[in-house]
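In what comes next, chain A is part of two complexes: it sits with chain B in the first one and with chain C in the second one.
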Partner chain A sequence: MTDILSRTMTLEGTGKSAMEVARTRLIAAGALFLVVFMAMAYRTVELGLSATPGAEKASRNRLVQVAVARYKRSDIVDRNGEILATNLASASLYANAHKVDDISVTAQKLVKILPTLTLADVERKLKSGKDFVWLKRHLTPEQKWQINAIGNPALKFKADEVRVYPHGNLAAHVLGHVDIDGNGIAGLEHYFNGSLDDAAKTDEPLKLSLDIRVQHALADELSAAVSAHQATGGAGIVMDVNSGELLAMVSLPDFDPNNAGNEPENTRVNRAAFRVYELGSTFKTFTIAAALDDGIINMEDSFNAVKPLNVGPFTISDDHPKKRYLRVPEIFAYSSNIGMARIADTLGADRQKEFLSSLGMLKPAKLELTEVGRPVFPQRWKRLSSMTISYGHGISVSPVQLSTGIATMVNGGRLIPATLVAKNIDTNFGENAGSGQIISAATSRKIRQMLRVTVRQGTGSKADATGYRVGGKTGTAEKASGGSYDRDALISSFVGVFPMDDPKYLVFVLLDEPKGIEQTFGFSGGGWTAAPVVKNVILRTAPLLGVKPSVEDETLYKNVALLFED
Partner chain B sequence: MRKYVAACAVAAALISGAVVIQVKFKVQEKREEVQSLARQIEADARALRTLKAEWAYLTTPARLQRQSIDFLALMPTSPSQVATSVRQIPFRLNPDELVSPPSSILRPTVAKPEDKNTDKDRAAMINAVHYTLKLKSEVVVLEEQDD
Partner chain C sequence: MSIFSRTDKSIAGRWWWTVDRWMLGLIIVLIVTGLWLAMTASPAVAERLGLDPLHFAKRQMVFLALSLVTVVGVSLMPVKLIRRLCIVGLPVLFFLIILTLTIGPVYNGASRWLQIGSFTLQPSEFLKPVFIVVTAWLLSADFKDEAIPAKLISFALMLFVALLLLNQPDVGQTFLIALVWLAQMALAGLPMVWLISAGLVGVTSLLMAYQFFPHVASRINRFIDPASGDTFQTDKAVEAIEAGGLFGKGPGEGTVKLSLPDAHTDYIFAVIGEEFGALAGLLLLALFAGIVLRGLMHLLEEEEPFKLLAAAGLIMQFGAQALINIGVNLAILPSKGMTLPFVSYGGSSMLALALGMGMVLALTRRNRFITSDRSTFSFPGVT
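Coming up: the complex of A and B.
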């Protein structure tokens, strides 16, 4: 009994203590759950109510990112944001050559789709047994679709990019072009290759100073003149004389940068920046400016231009002989070489060289192009050299250099280097103001008057675009060939600036070996061939550039006009 | 009472579980939607770039010039057509009368395909357009007269 009792008691005792233990454990577990649930509830409320920094970070990790469409190379745009060069996605075709079984059939199908490939070439590549062989780079979407339709697993595509120049030939020499892998190998593409390829800023376009509308107007008028006069080439520039920005730069014949590899070599030469020319009478502006600025001559001075001038074995004669004494503005307007040579003699060879050097005529222009021409001038600057250089013979410079020089003459005398990159007006104007003062503002005013009078009553009359007060100077130079000058092969040019009462833009046009035609009565000089182009360009672009036509203030030119005898 | 509480707790647990699963599915669905939108945005950005290049190609000045010669009766403006001062605009003869411009002035003349069979026809058309414009310019546009 006791045994049983003791057993039950034990049983009871152990049973009771087990219940107690279970209960306490249950309570402990319940309390634990309660605490954890409370913590979770608190956290839920906290997450819902407040934006704790940790929560923000956690939710940001779950954000869906929109992948940015990245390209390997920056776009190039004009001053108004018009696309001049851009990278587009494209596909390139390659083959895994040891997986092709029916080589000749595949090759035939491929050649049918890609007519630029030859059958033999494709077969040779497919037979090569290499794992990777390029068949064609940069397919059009249609070609890609057709090749997919062949259904040969050995033909594969690699996503690629192709550089596209939507405007084709327009501004080809400025932009340059890229090779098959997208590396710039000419023009701006080459000069700015590093920054265009900079992965950190490929979405920032390179903004040029060019205005594509002005570029087209100049290219259109220039090519019309080149074909009308059967010239071998042409060059043209439109420049903002106050900022140095080039709004247009044309060189003819031109090429299509989309297909640069297949274009003839002679079309790639940039005649506006790389070629140097003896530009002829446009240089008279510099000689007269130097002499006037030094006070060596006055506007009223007259020089003997009665008969050709003999200097040693060399004879300097006039194209438009007046056979009398000419005053300074007359020498300029009638483009008298004799008068000019006498002024240069008065000025002196050293001073002339120093002046041209300060204008940047003796070293290559600092333009953002790889192809910038090096000027050619005599190493020993003697009396005869200085006389011929005074009217632009014996020194060869690029059209960009000449334009920069003329811009300096008319903008109040400040030398502002030409540029192809758009200037930020706020940041760059101060810098411009600080750049070298070459001639005084007063001399610049006199030059402006003479340029305007040259167009009104001198050799440049064909450039007079009514209402736009054009001033300018003709230039006609014979081409040097084999040590002497060729009378029939001319470099005819004209440099015009408008409006002359407050110069804003400069237009330079050059024709290489133009032929005289019926409309020009057989003449092929700058006044007959290049001046009308400048006029047309001004008539077309002035409204685009916001230059208002107006009636001329006659009093500006009265003093100069009175110095003319007839 | 205790049973009632337990039943409530179970029901609450089941309902909240169901809602959580529902929300999770919804979120997943939205997430996929957002992802596909993001892909769409990227594809559109690429397409946009191609279209911009195409737009530049189609509006290149040389092409616009050709189109303008073919389809529009517009000629380059001459300096005399630009009114630079308000004084060049004359007073109306009859200020109360409503004016409607001659219908032919602003409407482009569209050349029909048969009209430009030959270059000669085209030259004749351009000449005719030029002539009418000249007549109009004498009526509409004022020469610069500053007195």
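Coming up: the complex of A and C.
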């Protein structure tokens, strides 16, 4: 009994002391918690006080999250990534016509907000009883807000996209435009419609070879010349002669692709790729190159240009008559039609046709545009045709074809098709390099010398942009009208290449029916009207394109210069 | 006061006169606050996930209502029933945790969940209170009969639990459970030498976790040297609290929260800081501190070892979880997936805590008009 009692007592004792320990440690735990809670409180206040207005502003700025908008159609960008065509979200208004109860009031309100709509038209649509009838596509946000404010549940919006060309008229003919549903119906927009709409690739922009800065310089200079000479239109091209990439393609008059539907029809013609022209003397380059390359003529050979040449009923005469025998570079530099006709006669019509065909002059250019012009040339290519074609009459080609041909003449003889899509230097830059050696590198060198001499001391002197070693050829053609040629309606052009000692870029300018003005002493030929435009374009764009002005190596042209008599 | 007559001998009547009403009040305040805060923090996350803006808020409302019912319901239970339920529940939870390892879905490289309909159950959350009660039951044997190697058995159980949880892997829960277990051991009279060695073992095992669990290593690396990796969440949390200043930007005005991925769960304290200010954060801290300190000090008058150990363990679990979560938000602890009790979104965690706090209330029920004679341990204003 006592044993049990004593055991209980002991147990009680252990229990008691254990409980004391537990309580002491409980207090310690409580104190520990208190300390940690205090620490947290201190830190909370510290953080709360560390806010400064500036810091908050900075953090807000960092927080801006830009949602990447996804659109149904790819952007189009220039070679430097500048956006040329993009999309904006817009709303389009439609109505559920059998839910409109107060038709005339609603229609009046709508017409007030959307002045382009007519009351009768809106009422007719609202009375149509259809579940879905378009009222107006692509509203502005303000219009949408005002229509919402009408509060008619039958008026509904559909999320839509509108194609936007931020540069407006610039490069309009290249880009083309889209219809109201965003389908490309002209230009690149039409040519690449399928791939631009490809849902898998809408994040990838279509990168063009165009450089919008060069495009602007060319458009600016060309339109100044068109208005100064009261020309009916103009065309211009800047091309990389080694890759075929077009850095600029201008056609005037132009249009705003953002509003293409309301622009006059004639503004939408692409005069640089679709329209074909008899381009005149710039064509002399090709016949001379063919004859030189075949070894039929030499640079030192001279031809009789004493008096106009009669071929059947036709008389070939010179614009700048020298009335003497002319050596080959003189024929070229003074643009002698008589001399040229004699060279063509030596070359032969068949060989000439074959040569021009190999240069791609007899087929539409393979450009990434739907609007590419078909060249016009005589079906019966006989002696007389051959003679006129040698100086660019009787054959019509587009400016882009001529530019491709001239690029081939100066780049060492390789035919590189013109393109509007940027080439990747690493992958497909050299793709076309060997696609066709048309003339030998040696012949190409001779052509370069003659082009440069033409600018230094011949008809192209007004294109001589100091320091940039410009070579080029004038072209002045009378426009055919009703079976004969009109002496007063000219197609005046100039094709220039720079720098001539290592050709990089070609600049082509064409003016349609320019008028002579005081500054040109009444002259309206290519050397007076188009050549200065080429000069200005080169002066403006060469720094952008990384071509440095330098002192010319005179020895390059000494041999040719010695062939000139005066 | 006049709801129940003092002579009312019904279950509810007896409950009303014996329950710790201060504790109950604080818990209800916390639950209501949590509901309010869920409305501000969760819409941003819900919208980012493409859900209805109030998706989380609505579900949270259901969880909180269930929690309230659980707290009150469990607090009505007799202590004996609670003990028995926990003793039976522990093996069931072990089984469920083993199930998560075998059939449970894997999120973010961990398998901690069981899919039941549209809800996911995290058994380890429920393991915490149940394990604490079982530990208390084992250790209370030491107070009566030293012949039973209670501490050793408890240690073995602890090892088993650690093994289970580390397999999920869930280092954070393991750490929390081990911490509370150690505190319970201390209360049960574990000698100081052992406590200190246990602390050393804890540090060693943290180092081992650092060694063997890559996600733990990367979190700790990022905490020690922010430049070593992505500290996006922590940076954003601090930025949010700083942006809020003392008084906050106003409810729903938070902008930093928009870029906090776990704004509604682990980082809700930062959202509170941004929208309601550091002072609101202080109030919330005070609420947690109030619950923990009131609970612990209240136990000083407890005579029964089991009740003391169990209630103290549950309160400490609650407090430690709150402190760890807030510490992570304040960037003074490395990031760890720990919810803020009754405030963070999450069904399992909330119901488990409701269960725990309900048990605390049940364990501390007593006649309020008989005070202990241990005046040495009564603090003014505590009881």
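The working rule: the second predicted complex is superposed on the first by the 495 of 566 C-alpha atoms of A that agree within 3 Å, B and C clash if a C-alpha of one lies under 4 Å from a C-alpha of the other, contacts with A are read in each partner's own complex, and residues count from 1 in each chain.
Just so it is clear, a residue touches a chain if its C-beta (ideal position, glycine included) is under 8 Å from a C-beta of that chain, and two chains touch if they have at least 3 such contacts.
Please read all numbers here as calculations on a predicted model, not as lab measurements.
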| item | value |
| --- | --- |
| First (chain B), second (chain C), both or neither touched by A:Ile212 | first |
| Partner chain in contact with A:Leu359 - chain B first, chain C second, else both or neither | neither |
| Partner chain(s) touched by A:Leu155 [first = chain B, second = chain C, both, neither] | neither |
| First (chain B), second (chain C), both or neither touched by A:Val551 | first |
| Touched partner set for A:Leu26, first chain B, second chain C, both or neither | second |
| Contacts of A:Glu82 with chain B and chain C, given as first, second, both or neither | first |
| Common interface positions of chain A, toward chain B and toward chain C | 65 |
| Chain C partner contacts - residues on chain A that touch it in the complex | 11, 14-15, 18-19, 21-23, 25-27, 29-30, 33-34, 36-37, 39-41, 43-45, 47-51, 55-56, 59-60, 63, 65 |
| Sites on chain B touched by chain A in the complex | 31, 34-35, 38-39, 41-42, 45-46, 49-50, 52-54, 56-57, 60-62, 65, 76-80, 82, 84, 144, 146 |
| Residues of chain C that touch chain A when the two form their complex | 142-146, 183, 186-189, 238-239, 241-246, 255-256, 258-259, 273, 277-279, 281-282, 285-286, 288-289, 292-293, 296-297, 299-300, 303, 305, 308-309, 312, 316, 319, 323, 326-327, 330, 332, 374, 377 |
| Touching residues on chain A, where the partner in the complex is chain B | 64-69, 71, 82-84, 86, 88-89, 164, 166-168, 170, 212-213, 215-217, 220, 465-468, 539-540, 542-543, 548-551 |
